[in-house]
Structures are given as C-alpha cells and as structure tokens.
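The chains carry the letters A, B, C and D, assigned in the order they are written, with residues numbered from 1 in each.
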Amino acid sequence: MSAHPVLAVEGIDTYYGRSHVLFDLSLEVGAGETVALIGNNGAGKTTTLRSIMGLTPPERGRILFRGEEIQGCKPNEIRRRGVSLVPEDRRIFPSLTVAENVELAAAAGSTTTDVYDRFPVLDDRRDQRAGTLSGGEQQMLAIARGLVGPPTELLLLDEPTEGLAPQIVEDVSEVVEALTDDGITILLVEQNAELALELADRAYVIETGRIVHEAGGDELLHDPEVLETHLGVR
Amino acid sequence: MTVLDRLLDRSGARTDEVLGRRGRVALVLVFCGLAVAGPVIDVIATFWLHVLTRVMIFALFAISLDLVFGYTGLPSFGHAAMFGVGGYTVAFVTLGPTQNLLVTIATAALASATVALLIGWLSVRGTGLFFAFLTLAFAQVLYLVAFNDLPAQLLGADKITGGDNGLVGIPGYELFGVEFGGLFEYYYLTLVVVGICVALLIRIANSEFGRVLQGIRENEDRLTALGYDVTRYKVIAFTVSGTFTGVAGALYAPLVRIAHPSQLFWLTSADGIIMILVGGIGTLWGPMVGAAFITVFEEFATVVGNWHLYLGVLFVTMVIFLPGGIAGAISTVARSPREALSNARRAGRRYVRRVRGDRH
Amino acid sequence: MVGFEALVRATILGLQFGTTLALLVAGLTLVFGLMDVINLAHGSLYMLGAYFGVTLVDAGGSFWLALVVAPVAVGVVGLLMEVFTLRPLYGREPLYQILVTLGLAFVVEESVKEVWGTSAQNFAAPAVLAGSIDIAGVTYSQYQAFVLLFTTVLVAAIWVGLERTNVGVLLQATAHDPEMVDALGFDVSRVFTGVFAVSAVLAGLAGVLLGPARAVTPSMWFNVVLLAFAIIVIGGLGNFRGAIVASLLVGLLTGYAALLVPSYTELLVFALMAVVLLVRPAGIFGTATGDPG
Amino acid sequence: MIKILDGRDASTESERQHGRAGTTSRGGRSRRAFLASAGTTAALGVAGCLGSGGDTVKVGFAVAQSGAYTLLGESVINGFKLRVEEELDGQLGGRDVEFVSQDTEGDPGTGSSIAQEFITREEVDVIVGSISGAVASAMRPVIEDHVDDLVWLCPVGIGWQWPMDTPTDDVSVSCTSTQFITGDAYYQPSAPMADFAIENLGDSCVLAFADYSAGYQYGGLFRNRFEELGGDIAGEVPVPVGTEDYKPYLQNVDTSADFVFGMFAGSDAINFVKQFHETGLHEELDLSGVGFLAEADALGAQGDAAVGTYSALPYTPGKDTERNQEFVEAYQDVNDREPNVYACTSYDAAQVADTAIEEVGGTDANDIADVIPGIEVDSPRGYFEMTDSMPYHPVQDVDIRRVVATEGDAPPTNEVIDTIERVKAPFDCA
C-alpha cells in the first residue's frame, strides 16, 4: 500500500449553478476504512459525493484518489479508476431487468464477481424488472451494481437505508459490514446517524457545506453536543 | 419580506435591475427618441419608418411571448395562432363593418384572447415540451383551417379566410376622422399602441401577479404548496400574452395589407422564439432588442441570395457563445467590461472542453 | 360510396406510407429519447443522404454502393454536428438545441445549393428493380416493394436490437439516466455522439432509399421535418416503439384521409397530435421519463 | 415583322463577342414599338422632357431566393440580367441599369414590405416579381398606391384570384394599370390543353391538382373548356401542396378515364410525375397537364417517368427556332443550365422594359404604362403582343408538348407537337 490515503479531498469549493454549496471542504479516507459523513438535510453530503464522483466537479481544490488528482476527470474515468457510487434514491434502471442492470454495470469493466452469491435475493429475481422490486431489493441491486464493472476500491454509499423498513435496514447494514470485511474502502453518507456511526471507523460532521467535526465513530456517538447540535438527536 | 418575495429573490435580481427604474427610463427614452425621430426619418429615409414600424410590432410580439415563455417558463410554440388571429380579425373588421381603430383593435384583442384562453386552457395540461407541442399542434390546426378556408367550405361561402391567398387589401385604421393609411401616420399609431402595450406588460410583469408567474418558473411545486392555483395562473398568463400578441398581429396585417395563413404558420412562432433567444430569454427587454436585431438583420441580409447561411451561422454561434442573448451580453458589459472579457475567454475554453467530451 | 375494396387499398397504401415515415423518424426518435435533442436538422441529414446518393450514382457507382457509402458519409456529417455544436449544449434547455439545429438546417440547405445548385436532381432507381408487381389490387414498382421490405427489416432489427442486445440495454439505461450510466463507467458523451451518428446514418439511409421516388431539392428537408415531429410526439417523445406505431397510424390516417377528405390530411394529423397529447400526454407509448425501448 | 432582323448590323460589340447577337436591335425595336403603338407619339415628346427617374433605370427583383421557390427566383433574375447585361450593354432603353434584389421568402408579409422598400427607399422604376400568387396579392395594394412611380412586370402569371367554380367568361381579376404580366395568364397553359385533349386523348378526364388557389384556378379553367367541348371530368383529386408521397392520393384516380390533367409545379410536379409512374398509372391513363408539370427543370429529375406526358405552355426550351436557339445558348453560356419558362418570361420582361423606356425616353411610370399595351415582343417563345386592355398580358401561341426520351444519358425533353395560336385570357377586370 502506498503512503497516500485512498481518498483525499483537499479544500474543495463546489457550486450548483450560482449557489455555492461546499466551502473549502477537506476529508480523507484511508485504505480499508469505513468513514461516515453525517449532517442535516441540505448540509452538502450528497454534493460531496457528487464532487468526488465528478458529477458536480468542484471549482477549486483538489481531490486525490490513490495520490492522483481526479477532480478534472469525467465520472466514467473516475469509475474506471476504482471509485464507485451507489447514489441517493438508488437510481437503478426500472425498465431493465435485474440481470440487465447488473450486466450493464459489469460491461463497463472486468470485475465479474458473482454478486448473486452476495445478494441471493437478487438471484431469485434476475428476470424481473428492477422497477417492480421492493425498496430493500432495489437498494441491494444498487449496491450490487456498484460492485461489478471496473474493480471497486472506494465505494461511495449515499443514504443506503433511506426509506427502508427497520428489518431491511439491518440487512443493508450487514451487507455494508461484509463489504468492509472484504477490504473495500467505504465513504458512507447516512441519515440514520446512529447506524452510520456504528458502521464507521471515523466520521465527519458537515454543516452548510463545511466540515465542522471529525472524530472516531464511537467518539461522536457518545458526544452529546454533536448529537444534539448537528444531528438533532436528543 | 414575505416568503414569496424571498422565493422570487434569485431571479428577481435580474429582471428588477432591467425593468426597474433604469430600465423604464431607458424605455421611455427610446419611446421619445422614436417619436422625435419620426419626421426626420420620414424626410431622409422614409423606408426606415417601415422597418421601425415592423421592429416595434415584433418587439411587442416578442415581449408578450416572453411573458409566458421566459418569464413564466411556458414554452409556447404556438403564438403564431394569436398573431394570425389578430391579423385576420383586423381584416374581417376593416374590410367589413368599420375601420375605427378602437373597435378594430379591441375586437382583435378579444378574438385573440379567446383563442389564447382556449389554447392555453387545453395546453397547460402538458408541461415542458408537451406544452410546447400542444400549442404547436393547435396553431398548425388553425393554420390549416385558414389555408384550406375550412369556414367557407363549411358555410358554403365563396371565401372567408381567403385560403392560401389570404385576405388582401386591408385598409388602414381610422379614428375620429383621422386616417392611418400612410406610413408616417401608421408609424405613430404603432408607436402609441406598442408603447401602451409594452407599458402594460411591464406593469403586469412587475405586479404581484407577475411575481407569481416568475414563481411558477422558479418552483412550481412550492407555489402549489403555498396554495396558489398554478394552473389558473398559467392559463391567465397565456391569455394575457396571447392578447398582446394578437394586438401585434392586428398592427402587422394592415402594415403589410394582407392577412395570410403564413402569419399562423409555425415559422411565425419560431420567429418569435428566435427573437427571444437571441435577445435574452426571460428579461422582457432582451426579446425586444432581439426583435429589432433580427428584423434589421433580415433587412440587410436578404439582399444577398444565401442569407439563410448567415442566419444559420448566427443562430449556432449565438446559442453556443452567448447563452444569455444580447441582453446577457449587454448586462455583463455594463456591469464590468473586464469581467465580460474574462467571461468570453472562459466561454471559449468551456467550448473546447465540452467539445472534447466534458459534460461540465 | 366508398367500397370495401377501396378501403383495403387505402389501408395498404397507408401502411406503406407509414413505413416510409418510420424510416424517416427512426433516427430522430432515438436522438430525442436518449439526448433530449429535438433535431430540426434531421430532415437536412435525410436530404444530404439523397444528394450524396445522387452524386455517387452519377459518378458511376452503383445504387447499392451508394446505399452503403452515402449513409456513412451522412453519419460523419452528423458526428461533426454533434461534436461541434451539440456537445456544448447538453444540460441546457432543449430550446437552445432547437435553435442550433434550425441554424444547422439553414446552413445545410445553403451549402447544398452551393454545391449542387438549386435544380432538382435526378435520382434513378436501380435498373434491376424497374419492373412492377401487384399486391391486393395495388401496383407497386419493384423498387417500392424493395424499400418496403428493407425498411421493415431495418425497423424490426432496431426494435429487437433495443430490446435484446447489450447495446440496446445501454441505450435504454442512458435514456433513463445518462448521469448514472456515466458514473457506472461508460463515456456517455461518446454514447451520445455514437447515437447521433447512427441517427444521421438512418436519416441518410432514408434519403438514399426515398430519393429515387421523390424530388431531390434543397428544400426537401422542410417538407418532412414538421410531420416527423408530429409523429414522434404522437408516439411518445423518444419512444422507439411508439414512434414506429405512430408512423403506421399517421400513414393509415393519411391513407384514409386521402381517400375521403384529401384536403384535410395534414389537419387531421395535427388534430391527432393534439388529441393524443391531451388524452395521453406522454404519447401512445410514452412514459414520463422517456424510454427508447 | 421580319424587318426586325435587319437591325442585326447594329448589334453591339459585346453581342458579337459572345456570338449571340440579339435578334432585335435598338433600331428595330423602336420601329416595331412605334408601329405597335402609334398613338403614343405625343406622349413620347412630353415624357422626353419630364423624364422622372434621372439617367439610370433601377430594377428591383422581388422574388424568393430561399425555400421552395429558390430556383424560380434565380431563373427570373438570370433571365432578366441576360437580356440587360449580355445583350444590351447593361442598359435598358439606352439608360444604365442598376439592380437590387430582395428575398421574399415566399411570404406575403415580406413581399409587401419589400415592395414598400423598393418604392420608398430604393425608388425603383421597375419591380420584377413575384413568383408566388399570394406574395403578388400582398404587393398589389402597395404598388397601387404608387402607380405613378413604378412599373410592375410579372414574369409569372400571378396575383389574381377568383372563386372556385367560376365559369371562365365570368372570371374577373384585380387589375393594376401598371401591372404587366409577361408570362402566362392562367388561361394560357391550361385551357388550350382541353382543345388538344378532346381530339387526341379522349373525352374522360381526371383532374389532379395541388390543393391551393392556383391549383383550382388552372384546373378550373381547363375543366370549363373541356366540358364546353363536350368532355367529362370523371373525378377530381386535390393533393396538399408540399406532399412528398402521392401514392395515397393517387388511389383516387379513376383508371377507367382516358387521361389525367395535372396541375402541379416545382417539386410537387416532380413527386407527382415520378409516383404516377411508379404506381403504374401511366399504363392505364395518359398524363397531361399545365406546362409546369413537365417543365424543363423538372424533367431532369423526373427522368423516364415523365416520358409521354403532354403539357401546355407558351415556352418550350427545345423549340426549334433560331431566336430560341440563340437564347438557349446564351443562357446556358452564362448560367450553365438550360433556361426554364421563368427565365424566358423574365428575359421578355426586360425586352418589354427596354422597348418601352427607349420609346418613352424616360422612366415615368405612367408614360411607360401607356406604351406597353400593344407592344410586340420578339420572344424566344415566338412573337407575342401585349394586350391593349387590362389585364395586361401577352396574346401568345401556346405549345402543346410531349415529353420524349433522348438518346444516351441525357434527360428526356419536351417536343412541340401542336401549337394553339394567339391565345388570350378572356378575363375582365373587377
């Protein structure tokens, strides 16, 4: 392993059209780490992931992936370098079947990990249109799609448990844990702060486009001030 | 500040700046300039009275179209319908019962308002491009009705719309014994009518109602959530816009002495859209500048046989490099010439980047 | 008054006309479905196909050579158009693309006048297909029958290709969510360029195939462009199946209208467009998201 | 009239250089014009003193230069300029000529604006155009306001309307005292075909026409004459203008009739003829029509499909006269293309203007308008004479032509098979 962290975001400023969303934002994710990014709605969590992925490139600052600058790259180049995004709202292709969704993603690269072993629920529904899956199944499909294709070294997970029933949330967190065990580095955006902090080794708290806190996941989980002021948890 | 005002703040900055005090002063100056220049032009270059009259008419067409298109965010591809209906109504009235200016213009406005209400009411069921295509379809149906003189065929008359010949020989207007047949008189008539209409339109745009329209463009859902009947506002906006477009058509037909199906044809709608986009969409004043630019451009360009080539190149380069249209360019230069220069450089670099496949 | 036989004939003629329409709109609907681009220059690409075809045939090449080479050349023109004028506009309002493609249509028209002059060109159908055949009381030239067959096979191939092949899956996904497809590792701007070029090839193919039956003039783009748009709107914007079905529907409508109320054919097409948009705003096959399958 | 040829010696240097001496010289023309309009001598003298337009003649072309009429617009300009620049040393009636042109885009509003511009800004002495009837209708009121300022020459028979189904004798048209049609007057390329057809093609006809006013007018005049001669119209097939695929409409052609009379122009004519052939209708019926159906420009594109088509038109490029040969060669030299009927009628408009201006000795519109009626013109189509009463148009011979194949790769061409002499449109002014 190189001395570089897998991902280093260095002082980026990102705009949506004319509105300034991220301000001089920096963060790092080391190899094999699971790092959580938590904050209120509209704080800039999703934008951070989009910036890293090249979907909303920053106007200033650098993003280093394995020591190489990627902030000018197109999303598909970033994906081929090993960053994979499982986006908010899953954004699976509803009119395609499960198998087509998976094969499509696989076609962009060489990884042929048999995701159906990891997600048996999908195996049963290969020929079903993705739009007809339940929310949890769609989330599994979105993660599966993020794992095939070019080898994934860093997985950007955006709100994987949003809108899911508690039982399903558990399934998803199991999957995330399993991924961590397999050595995949994860940057996790999660609304459910408690869950995020449980899963994460470290966490950043983001507020109005700025990182306002950084600590180990457990630390933050037990810091009442953080919980109350930044996460609204009492 | 009410919530609504806040909601409108973002875009309000742009329009208020133009249609605020400074913009209105500029408009009044242009109006006075045209009024003073009339006799001078009449003596040294009579024909320019004709060009300027057309410029004013199309400025009214463009600003009224922009009220729905850019200001409210309803892309109408069918404004030719109202433009043409205005013209045909003038033909019916002046060739028939009376040449009285007030009666004729009022009838034309009423007729186009009715058509606009109908088309608007039906078309707002679709959003975005669907709205655009609905308006296009209705306008084309009207065009074909006029082209084939369907009314005459249904009623067994010799001619009503005059088919592809249109209705020729429209006389000028008359008011209190004054004839507006000559170009000089017609120029002033147009100046006054367009002046009043533009003032009204700006008034409407800056009113509470206008702010709602702008709100519809910015965030329709939020307005709905605030309890506004957005659909109704859209229909009213379309009707208001269509009425003024009809007045523009009512001024155009006597100028060219003919009401013709081509005034209902989709290319007439396209002309209006082109003026808006070239001038600067959503700014209300930009489209008027666009109308002047396009009208004068055609005036000079049609002397050469292949002028469509230049028109085509103009469209392509303007859209790519001047997305804000002429109004955008003027605003930037007025704000800061240095910034304009760096903007231009950035636009160039951005073009190269996009051509290379970067999507940002 | 109108006998059964006449109706059958109107049906056959309508379907045949619908097939040529399908050929015209196939590329247009792909581009709209994937890229949200309303390409007013599609008619111009069709026209270029016919002109390239005429030139190749005149230069001594066979029709069959022209049928291969001309569409490819049109594809290259389309590719250049996309790269230099449309790429800078993605993400902006579709309106701007309408204006740009209208500008391109003007440029192409004037260029054609410059190169080939203003008179109509003679595009002769291949001599092999000079004979005629009778189908259900309607006389077809063999060439017409060939175009019918060719188009049917082509359209069916595209249809199946969109549903069954990997490329088809990629295109469907791109139509639905290009950004996500990019994030999965596909260079979407190349996909767009490719689709636009293929659409241009299809337009060029239509030009070569229909050229021999039609007047090849610098304004031939204008006569087809609005009708083509009406069809893809009726079919559901950017929906390939819908566009094909709508082509046949408009063809049938034209067939019957030509028999019964010939003056009102066009009016009926736009009325149909309005009614379809009112009753099913997204078109016959359309979905709110636009899906090329 | 042979006298006119004696002016040859006076042909200018440039004419000789180009090897296409005009058959009419200035001397010859004056004499003819003088003979033709004996009553104008007095006016002549006065006009010489009051000549309004200065030393140059300004000619404005108001024709389409974009869209479907582009070729026709070009032909009008080329035909006129051929006469002026190549044969008259850049002069009309001995005065230098200045040209302006504007694109009407085939749009009536634009046409009206252009007329306005030509009159008030350019101060033209002569307007040439338009091509579209609707554009001409829109130009008319503007020009009528200025009949004292300019002369209106129409190379195409245009700008008249009358309700459908009007009996020919009842047709009344809008007349303007300074409007002179040098082309055809609706009646000429349509009705004479009826005379030919009833004798040669049969007495049962299907009328197929472009579904707009010109289609109804030309078609109606043919029908009236055909029925008058005892013929029977077995069916009417209107087809929308700009139709690309005629096959759905051609199903309405009653194949038990003897022949079809078609009224289509431009690309419509090409599509119609090609698809008429493609659907095999040519095996069952003869095809005839207004001359535009098988016009010189269309034949190249129509190819073999046009062979056998009968049509009527005052001008045929293949006409085998010396005058025409010279015209065709001269036109081809300059424009690299065979002239069409618009080139010829516009060339003749230049001849009319030249003769009249010379005779008047000035550019006063009223004086010119006074001398044009009755003028005789040595046209490539043959001699014709302008009517001496409104509506002013040529009394001319109409060719009945048949398209014949040529050897080799050359496109088919029209062969004159009959000529109906001295046809005049029996119209009154409204």
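Operating definition for what follows: contacts are C-beta pairs under 8 Å (C-beta built on N, C-alpha and C of every residue); 3 or more make two chains touch, one makes a residue touch a chain.
Bear in mind the structure is a predicted one, so any value in this text is a computation, not a measurement.
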From subunit B, how many touching-chain steps at minimum until you land on subunit D?
-> 1
The pair out of A-C and B-C sharing more C-beta contacts is B-C
Measuring centre to centre with C-alpha atoms, which chain is farthest from subunit C?
-> A
Starting from the mean Cα coordinates of subunit A and subunit C, work out the distance between those two points in Å.
-> 42
From the C-alpha centre of subunit B to that of subunit C, how far is it in Å?
-> 32
If you average the CA atoms of subunit C and of subunit D, how many Å lie between those two points?
-> 37
Cα centre of subunit A to Cα centre of subunit D, whole Å, reads 76
Where subunit A touches two or more other chains at once, the residues are 74
Residues within subunit D bordering two or more other chains = 66, 74, 211
For subunit B, residues that touch 2 or more chains besides their own = 148, 306, 308, 357-359
Hey, which chains are touching each other here?
-> A-B, A-C, B-C, B-D, C-D
Spell out the residues on subunit B that touch subunit D in their complex, using ranges where they run on.
-> 45-48, 50-51, 54, 147-148, 158-159, 162-166, 168-170, 183, 252, 255-258, 260, 262-263, 299, 302-303, 305-308
Residue ranges of subunit A touching subunit B (in the complex, touch as defined) = 18, 56-57, 74
Spell out the residues on subunit C that touch subunit A in their complex, using ranges where they run on.
-> 166, 169-170, 172-173, 176-177, 179-189, 287, 291, 293
Within their complex, subunit B touches subunit C through residues 75, 122, 125-126, 129-130, 133-134, 137-138, 140-141, 144-145, 148, 150, 266, 270, 273-274, 277, 281, 306, 308-309, 311-316, 319-320, 323, 350-351, 354-355, 357-359
Residue set of subunit D touching subunit B in the complex reads 65-66, 74, 100-103, 105, 107-110, 112-114, 116-117, 120-122, 133-134, 137-138, 140-142, 161, 163-164, 211-213, 241
